[in-house]
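Shared chain: subunit A. Partners: subunit B in the first complex, subunit C in the second.
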Partner chain A sequence: MNKLNIEPVQQDKIKIDIVDNAEGLTTKFVGDIDMEDPSILLDPLFEKIHQGMVAKKVPFVVADFQALNFLNSSGIKAIAKWIMKLAMLPPDQKYQIRIAHNKAITWQVTSLPTLTFLVPGAVKVE
Partner chain B sequence: MPKPDGYIEIRFGPRWKYISPARVFIQNFIAIALSDQTKADSIAMATSELLENAVKYGASEDTHCIVQAYPETGVIEASVTNHASAKGAQEVKELYERIMSGDPLEAYIAQMREAATRTDGKSQLGLARIRYETGADVKLDVTPDNRVTITIIVK
Partner chain C sequence: MNLTRRQWLVTGLIGVLSAGFWVVTLWHPPLAVASLIDAVWLVAGLLAGWRFVRDLPESPSTPELPPLLDSPRPPLDHNNLEPPSEEILSAGLPQDHVLGSAIPSEVLEGVEALRQLEAAWEVDVFQQDMTLMSGNAGFIRENVDRAFEIADNLANSAQHAFSLSERVQKGVTVVTNALLESLKQTEVLSEHSARITGILELMSEVSDKIHVLSINASIVSARAGIAGRAFEVVAKEIRSLAKETEHSLGNIVEVIEFLRSSIAKVIKVVRDADAETEQEKNSLIEVAGALQGVILGVEIVKAVSGFAKEKALEQDQLSHGISERQTKQTHEWKVKVAAVRASLEEWIAKE
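Right after this comes the complex of A and B.
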């Protein structure tokens, strides 16, 4: 179990694992997010991560999309919603989302960098 | 435009489960027609977004998708047609006008910010995503009986 005690989730073609890394947390996405309403799965998960990051003062979370083959725009909306939560935090509670992407997957190269524009400084694409 | 060298036409009842196989089929078709995997991936994503909208907001059991390849020029034209309610057709027109005006990236970011605050379950991100990520010309046609066709042309 990870430092935030968040269980992995699996639905349809997507599996999301949450594991500790040396200084923070890694959320690893494997499969496809192409269901009709991914917010049912993603919104509660991102809310748990957000609350845990703030409560335990974890400095960063890696959102590892390298094994995510497809993400529809409803999935992008859920991620955008998570990122926008960072805009509401006072400076001493802020954490960073570091996006790990796979340059061999076209949508990741075009979609993921756009997320850095939502809240300046909150997201970094690696 | 000259006659296409290859085309596919897909017609299916609006069922979510058919979108994923349609996306893969379109991706493979373009990759073979143009020998361009990046373009195949981009257009498959774009048509998948259009098909999602057609299935989600369609008012009848008929979604129609045509993809045409012009290998000599590298152009791909893809269109998705469905029948919408009068309200749905009006919403698409308004969304199209908003997204097509101004810079594609700025329109996409603005739409993302708006999507994050929506509480009606819609994202309305698909068209902005397509315009920015594929660089496509995006055209909208709505007939008096509310048949909505969105066509993308990727050069």
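Right after this comes the complex of A and C.
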């Protein structure tokens, strides 16, 4: 179990693991997010992560999409919603989100860097 | 007698002075006649003093209570407030009270200040600012709506392009499969032509052997002399046929070689086309991926637009709320101030 006590999630073709790393937390996405309404799955998970990061003052979270083959528009909307929650936090409560992407997957290269514009300085793509 | 304190004071002073002079005349009898005159003067002094005092202006330190305080107004009904009439708002003080009257200047200044306050409320800069703010919030919301629609349009276009690329990708896959099938069939043709060449070689060998046999037959018939002449004719014919066969086989081999060469060229072309279509197929997959990325990027823009729209709407509602509360409060104060001013002006007019 990770430092935020968040259980891993698995549904349809997607598996999301939350593990500790040296600086904070890693959320690892494996498979495809192609269900009709992924917000049912993603919104509560991102809310738990967000609340936990703020409450426990965890400075970094890695959102690892390297093994995510497909992501639909509702899925990225849920991710954007999470990042916008970070934008609403006062500066002393803000944490950093590092987005790990796979350069061999074109949609990741085209879309994920856009997320960095939502909270300049707090979201990085690596 | 309705005298003010000042009038009483001055009258008393004259009375005391006259009384003192009266006492002095009592101590000096020669002045008795003068005392009679003094008594007359006393009465005259009292009358003059009274008239003088009556015409004196009122002292600012002794104002009488205004009617407002003498008889307090009933409490204002806030649910049924009426704005001050134009008559009240534009009413000025009577000139005789403003200039050289007994009204304290502070009161006059206060009335003027109240009038200015009412005029300021008529302009109501705060209300104008709030209306402007609300208008700006509406403008932002409308622009966000437009941005959202543009993003939506872009997303639809990208989605359309994505579908097109998928269709083209499928078409390319069909072409690739056709090319592969052509290649397979061409290779079959190549194999068959090789087999034909093999058969032709065999036929050529047979033809050679027939030719040798016909030569041998001619030798044998020559040895037989006249008896072998008929056989010699047959041998010649067989030799001739063998030559023609050899010639025809040579032609067939040439044609087959040409066919094999053409088939080899077709195989190369089909292989090149297959490699090209495979590359195009990969490019199309890249294009589809890029378009999917654009769709996702636009979706992010839409999410941000939606969030901004939500906030603009909140601000608009907040501005409306503040504006409504402020309008109500201003109206209440306007009515109160107008009432106070009217009371003051009424009191001033009486004085």
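Keep in mind that, in the parts below, the second predicted complex is superposed on the first by the 126 of 126 C-alpha atoms of A that agree within 3 Å, B and C clash if a C-alpha of one lies under 4 Å from a C-alpha of the other, contacts with A are read in each partner's own complex, and residues count from 1 in each chain.
What we mean here is this: a residue touches a chain if its C-beta (ideal position, glycine included) is under 8 Å from a C-beta of that chain, and two chains touch if they have at least 3 such contacts.
As the structure is a computational prediction, the values presented were derived from the model and not from experiment.
Judged by the touch definition given at the top, the superposed model places A:Ser111 against both subunit B and subunit C. Looking at the superposed arrangement, the partner reaching more residues of subunit A, out of subunit B and subunit C, is B.
Once the two complexes are laid over each other on the shared chain, residue contacts for A:Ile76 go to subunit B and to subunit C alike. Contacts of A:Asp17 after superposition: neither subunit B nor subunit C is touched.
When both complexes are overlaid on chain A, the residue A:Ser39 reaches subunit B alone and has no touch with subunit C. Residues common to the contacts of subunit A with subunit B and with subunit C across the two structures: 73, 76-77, 80-81, 84, 105-107, 110-111, 114-115, 118. Those residues of subunit C that touch subunit A in the complex are listed here as 155, 285-286, 288-290, 292-297, 299-304, 307.
Within the complex formed with subunit A, the subunit B residues making contact are 16, 19-20, 23, 37-38, 41-42, 45, 48-49, 52, 56, 105, 108-109, 112-113, 115-118, 121, 123, 125-126, 129, 132-133.
If you check the complex, the residues on subunit A that touch subunit C are 71, 73, 76-77, 80-81, 84, 105-111, 114-115, 118.
The touching residues of subunit A, counted against subunit B in their complex, run 32, 34-37, 39, 70, 72-74, 76-77, 80-81, 83-84, 105-107, 110-111, 114-115, 117-118.
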